[in-house]
Amino acid sequence: MLIEPNIRLSRILRNTWQVDIIMIISCIAAYLVRTVLIRHHFEIPSIIPTVLGTAIAFFVGFNNNQAYDRWWEARKIWGSLVNDSRSWARSIISYVSQGKADDLQYAIVKKRLVYRQIAFLYALKARLRDAVDETYSQYLEPHEKEEIKLQGNIANAILMQQSKALQQLEKEGMIDSFRFIEMNQLLVKLCDAMGMTERIKNTIYPTAYIYFTKAFIWLFVVSLTLVISAFAGVWSIFLGWLVGFVYVSTQINGMSLMNPFDNNSAAVPLNQITRTIEINLLEMLGETNIPEPVKPINNEYVL
Amino acid sequence: MLIEPNIRLSRILRNTWQVDIIMIISCIAAYLVRTVLIRHHFEIPSIIPTVLGTAIAFFVGFNNNQAYDRWWEARKIWGSLVNDSRSWARSIISYVSQGKADDLQYAIVKKRLVYRQIAFLYALKARLRDAVDETYSQYLEPHEKEEIKLQGNIANAILMQQSKALQQLEKEGMIDSFRFIEMNQLLVKLCDAMGMTERIKNTIYPTAYIYFTKAFIWLFVVSLTLVISAFAGVWSIFLGWLVGFVYVSTQINGMSLMNPFDNNSAAVPLNQITRTIEINLLEMLGETNIPEPVKPINNEYVL
Amino acid sequence: MLIEPNIRLSRILRNTWQVDIIMIISCIAAYLVRTVLIRHHFEIPSIIPTVLGTAIAFFVGFNNNQAYDRWWEARKIWGSLVNDSRSWARSIISYVSQGKADDLQYAIVKKRLVYRQIAFLYALKARLRDAVDETYSQYLEPHEKEEIKLQGNIANAILMQQSKALQQLEKEGMIDSFRFIEMNQLLVKLCDAMGMTERIKNTIYPTAYIYFTKAFIWLFVVSLTLVISAFAGVWSIFLGWLVGFVYVSTQINGMSLMNPFDNNSAAVPLNQITRTIEINLLEMLGETNIPEPVKPINNEYVL
Amino acid sequence: MLIEPNIRLSRILRNTWQVDIIMIISCIAAYLVRTVLIRHHFEIPSIIPTVLGTAIAFFVGFNNNQAYDRWWEARKIWGSLVNDSRSWARSIISYVSQGKADDLQYAIVKKRLVYRQIAFLYALKARLRDAVDETYSQYLEPHEKEEIKLQGNIANAILMQQSKALQQLEKEGMIDSFRFIEMNQLLVKLCDAMGMTERIKNTIYPTAYIYFTKAFIWLFVVSLTLVISAFAGVWSIFLGWLVGFVYVSTQINGMSLMNPFDNNSAAVPLNQITRTIEINLLEMLGETNIPEPVKPINNEYVL
Amino acid sequence: MLIEPNIRLSRILRNTWQVDIIMIISCIAAYLVRTVLIRHHFEIPSIIPTVLGTAIAFFVGFNNNQAYDRWWEARKIWGSLVNDSRSWARSIISYVSQGKADDLQYAIVKKRLVYRQIAFLYALKARLRDAVDETYSQYLEPHEKEEIKLQGNIANAILMQQSKALQQLEKEGMIDSFRFIEMNQLLVKLCDAMGMTERIKNTIYPTAYIYFTKAFIWLFVVSLTLVISAFAGVWSIFLGWLVGFVYVSTQINGMSLMNPFDNNSAAVPLNQITRTIEINLLEMLGETNIPEPVKPINNEYVL
């Protein structure tokens, strides 16, 4: 998530230089073609870039809408993971009764159920970012790690452990059936949120929209340059690129939101959110050794 | 689901060649009509294609919005089928207690309840794709297959079997009433998702929108060619087709998302998703003979 | 629901002939007024139809969006009626236990609870279509019909009977309190869906939008004809009508979706959906005398 | 809710005459200024009204979208009040058992719980319309009226009485805990719907949007008149007003939906809906003295 | 929330003067550049500002849509906090039974549970506004304040206290398990709403959209001034600024809604809403010392 209101020029160039070069070359070519070949034969009517400009603005807008919706949906899902994690910890700490356990056992049971929730979040984050990130394992017991290593989907396997622990809690009389239901519903919600993040990650935005939008913008820039070179001479190369840049950079802005779980500066700041909830949960347990919040990088963005 | 960012030219031509030919013929006709007949009598005012171009861009955008929404809703529904399948398996494995069953019976009861869920997904997939696909039956017992063959809606019949099995589980004391409720709610959600997929499959997008949009684009291309042939001569045939192509291909892109459960490269990759959940559930059961994930075809798309 | 991808010319004319005549007369009048009166005095600037054309495309698009949303919402509600009907039947068949009833009584109790659900759907359909349709009564016992005749809202009265039957079931020990809750929640959802359909049926789309859009399109067509008659002579009558037709037919397409429960070819196919669920429920009961699915009319549409 | 498809001219004039006069005066002024002052010095380029016209069509469209959404959301909320009222009455009548009460007491208990729900709706309606309307009190016992008079929010106070009555019902063994939960959830939903209506009523649509849109339309009309007066002479006053009217009346249509609970002809017909549900509930109680449905006023609108 | 329909000029100037100055300087520069340098060499084609004007209107509209949605979502969340607070108080007052407590204790227990809910709202408000606001603490017991001071998220810590109190209520037999579940679900909803407000507060709207929109508007104003200075001479400076103002002020209106929890006149009036619910809850407790509603500031806005 970018936090600086002004985008650095370097960032803009980094994102658009390839496209800029293609556009400038195309504009030059269009200028030359018109000057050398076309103008003695026929004229490109200005209605063509006008109509294309309007139509393509729609399509760029369409892509941006869908991209923003994906990004915001992704943010909402992680928001609900935050909420359900807190509710889980609150339920564990307030509603699990001591039963026949001694004080130490009682504290450990509660701590492990909350720790495992933190592990779930770290495992899910690693999976979404395709990262080899073992942070989750520091919140698990050694034998729990063993069990999980055999499975392809670690976050799902941790949820399974939570279910079994919940079943155990009831068996030992530490929660009653009513509390069991409430907590199981939180597990169902966490499973839903996990599946939703995977849906967004694994569903590629229809490539046809991206491909054709790029091609159409190019077409628009070329036709615009052909038309305006009759009025603006060699400056039409610059003007053609400038107008094209408005379309291209808006399209690129949209595309940068399309994969909201990637590990880049436009994506949802999973590191920050996960850390926040980690701090919350540890505070709720009354622990004292609490990590720092995630700091922005270069005061420019948070991951 | 297309996975390659660049669309192959062959794919574009395959999707649009009929329309391209119609457009080119129309543009030639318009050019000739104007050259031979009209130009000595009157002029087509350029305001007509300008206004039409804007209005039709709206309507194409409208169709694309609805198509994308159908596709994304379809994807969400299969996402929730994934989530509920996992929750179902998690509940079966963690919450069903042994009761009076011996170890083998206990394992078989759990396995059959999870297997039947996989069968449900395969049966639903076959139904959505109008395919004769008996994959589902390998996850059912022979007598279950018998029972089901008599019914028109196989997926629904499998849900019915799950309900009866659930009722049986409680009768035999393997789950209590609270767990019964939780699991029954998952069955209700699976039934809802099944109905939602059928709604999308069986509801034809209002044909008037598609028909008129095609007719209007054709009208626009013809009027545009008539207008620009005054400036661009015979090149107006090419230019008319080019602008038309922008509208037509966007419209076709939208239409390809309209039936998201069809067995084509733009649709929701049901094979892939079903296999993923199959693998997940088998892993959760601790099985070792696990199928491979679905591979993309030609590195171009996944079904 | 139209099922034929090509709209018949007869259908188009039937829907638009009145408007077409009005437009053609207006265009002729505009042409004459300009030719006879205006052209010696002043010119209608072309900016006026240009600006109007864009603005009105927005408003037509707005109306279409709302119309489509109503139609799709209506379809979703009937979809959820389908789902809840299946869940109801599944619950009745799997979860009602025999208690002290003998086999015949037991079968009859279950059958009547499912039959009454089919009656509910037929009664609701008749109400939504303002039809005098007594199909529902063939799924009710004579004394049930008696009870209901006294009430204004028959579908609601049937739901009331289901509630009382549910209460009775628990009293007689055929379901426990947990199953009672699950089934009552289905009744609440059916009641919600019933109310939602009535909301859509009874809420008239703000008439101002429809009235003004028609007036504005007329204004646009007249101003366009005035402008283009300077270039295209008598042909401007045809061109004015043609552009107007694009706007008018799009507006009319939207309007035809506005009342999705009417008994016409663009509406939600309630006959078809109700029959499908009737077949499903009878199959679930194991009955053999099952009606045919609804057939399209003229291969053109389904009601 | 307007029910007549054609808007009466008197209604249009009543809604727009002030704005019409302002526009006409502005157009006259613009015409004079151009004729007298500007035309010898410089020309207003036509690109200015063209660009403004498009941009303002967006902003008017934006306002209309939000207004329509508020109105439809308001309608949905009252729809859910209808549904929950029916579910409440159905639950009371079917699920409350006689316990130790004699027949008369039993009937009275049920009747009062349903009557109080009708009172709730009337109290909420009066509050939303800022009306001094004591209709609600005819459905309350004298001592209930007393209790309530001390409170600022009468509808909320009635809900409180329902809660207490529910608690009482369980204490006296007329409902069990399961039914208690089901009915309490209906009370929570009624409380939610009440809060939602207050949210819509009390949240003023950002005034900046309304204010600036009015100012921009004025700007557009003036600039348009300045431009077209070069072509159309004194007729430009009429033409400027005409185009302005398209924008202004669309904006005003939107604004009339902005406060959907007001007591005017464009708002949600609370009188009609409340009466419908009153009739439904009295029918469900088997009463015979049932009020008439609300009649349209002048066959033009329903309140 | 602004409550005055007319925006004061001072407010407009305060919000836009910086941008106005930049625009005017740019327009002057553009005018001079064209007059001195360009006009003897080439012409800026008017198609450029036309196309840019349309495209940028889309992007401004996009930003406004997202901003409005954030604002309205924020309002909805606080609305649901209002509803759940009322439901909480209603449940506490009606459903908590006296158990073995004496009358005074009984009253105190109920009062504290309701007071703590008010404290929760004040703590959440302070957090959202980054304010040092200790109002919440007047609704807490001294030892509760102690407990909370150690935690980073005070609102969350208060929810934790409510959970523990709820657990205690059941232990002492003042509520049964069914009521426990109902009230715990309210706590889960309050926790969800809290998390949602934090999501909106902490998620920065993609800065690229804001930055580029500003840059594009600037580009559009400059190109427009260049084009119109050929027609309107020195007046083009004024006209360029005027058109730019339409875009800029719409963009700024949107931006002012972007952070709906800030303490400014366009934001959601948290002071007012919190006070309303405070009054409601104190009335429900039957208290007499009730604070005044929040008054508008200068009759212009409410915070």
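In this document, chain identifiers A, B, C, D and E correspond to the written order of the chains, with residue numbering beginning at 1 in each.
Heads up, the rule we're going with is that a contact is a pair of C-beta atoms (placed from the backbone, for glycine too) under 8 Å apart; a residue touches a chain by one contact, two chains touch by 3 or more.
Chains and their UniProt names: A, B, C, D, E = Bestrophin.
Please read all numbers here as calculations on a predicted model, not as lab measurements.
Enquirer: Is it true that over half of the residue numbers where chain B (Bestrophin) touches chain C (Bestrophin) are used by both copies, so same, or is it different?
Expert: Shared-number fraction below one half, so different.
Enquirer: Between chain C (Bestrophin) and chain D (Bestrophin), what is the separation of their C-alpha centroids in Å?
Expert: The answer is 24 Å.
Enquirer: Give, as an integer number of Å, the spacing between the C-alpha centres of chain E (Bestrophin) and chain B (Bestrophin).
Expert: A distance of 38 Å separates the two centres.
Enquirer: Where does chain C (Bestrophin) touch two or more other chains at once, residue-wise?
Expert: Within chain C (Bestrophin), residues 50, 54, 58, 178, 181 contact more than one other chain.
Enquirer: Considering only which chains touch which, how would you classify the arrangement: line, ring, star, complete or other?
Expert: Contact pattern: a closed ring, each chain touching exactly two others.
Enquirer: Output the ring sequence of chains, start chain A (Bestrophin), direction chain E (Bestrophin).
Expert: Moving from chain A (Bestrophin) on to chain E (Bestrophin) and continuing, the chains are A, E, D, C, B.
Enquirer: How about chain E (Bestrophin): which of its residues touch chain A (Bestrophin) in the complex?
Expert: For this pair, the touching residues of chain E (Bestrophin) are 41-45, 47-48, 50-52, 54-56, 58-59, 62, 66, 151-153, 156, 159-160, 163-164, 166-167, 177-178, 180-181, 184-185, 187-188, 191-192, 194-196, 198-199, 203-204, 206-212, 216, 219.
Enquirer: If you look only at chain B (Bestrophin), which of its residues touch chain A (Bestrophin) in the complex?
Expert: Within the complex, chain B (Bestrophin) contacts chain A (Bestrophin) at residues 1-7, 46, 49-50, 53-54, 57-58, 60-61, 64-65, 68, 71, 75-76, 79-80, 82-83, 86-87, 90-91, 93-95, 97, 176, 178, 181-182, 186, 224, 227-228, 231-233, 235, 239, 242-243, 246-247, 249-250, 253, 256-257, 266, 279-280, 283-284.
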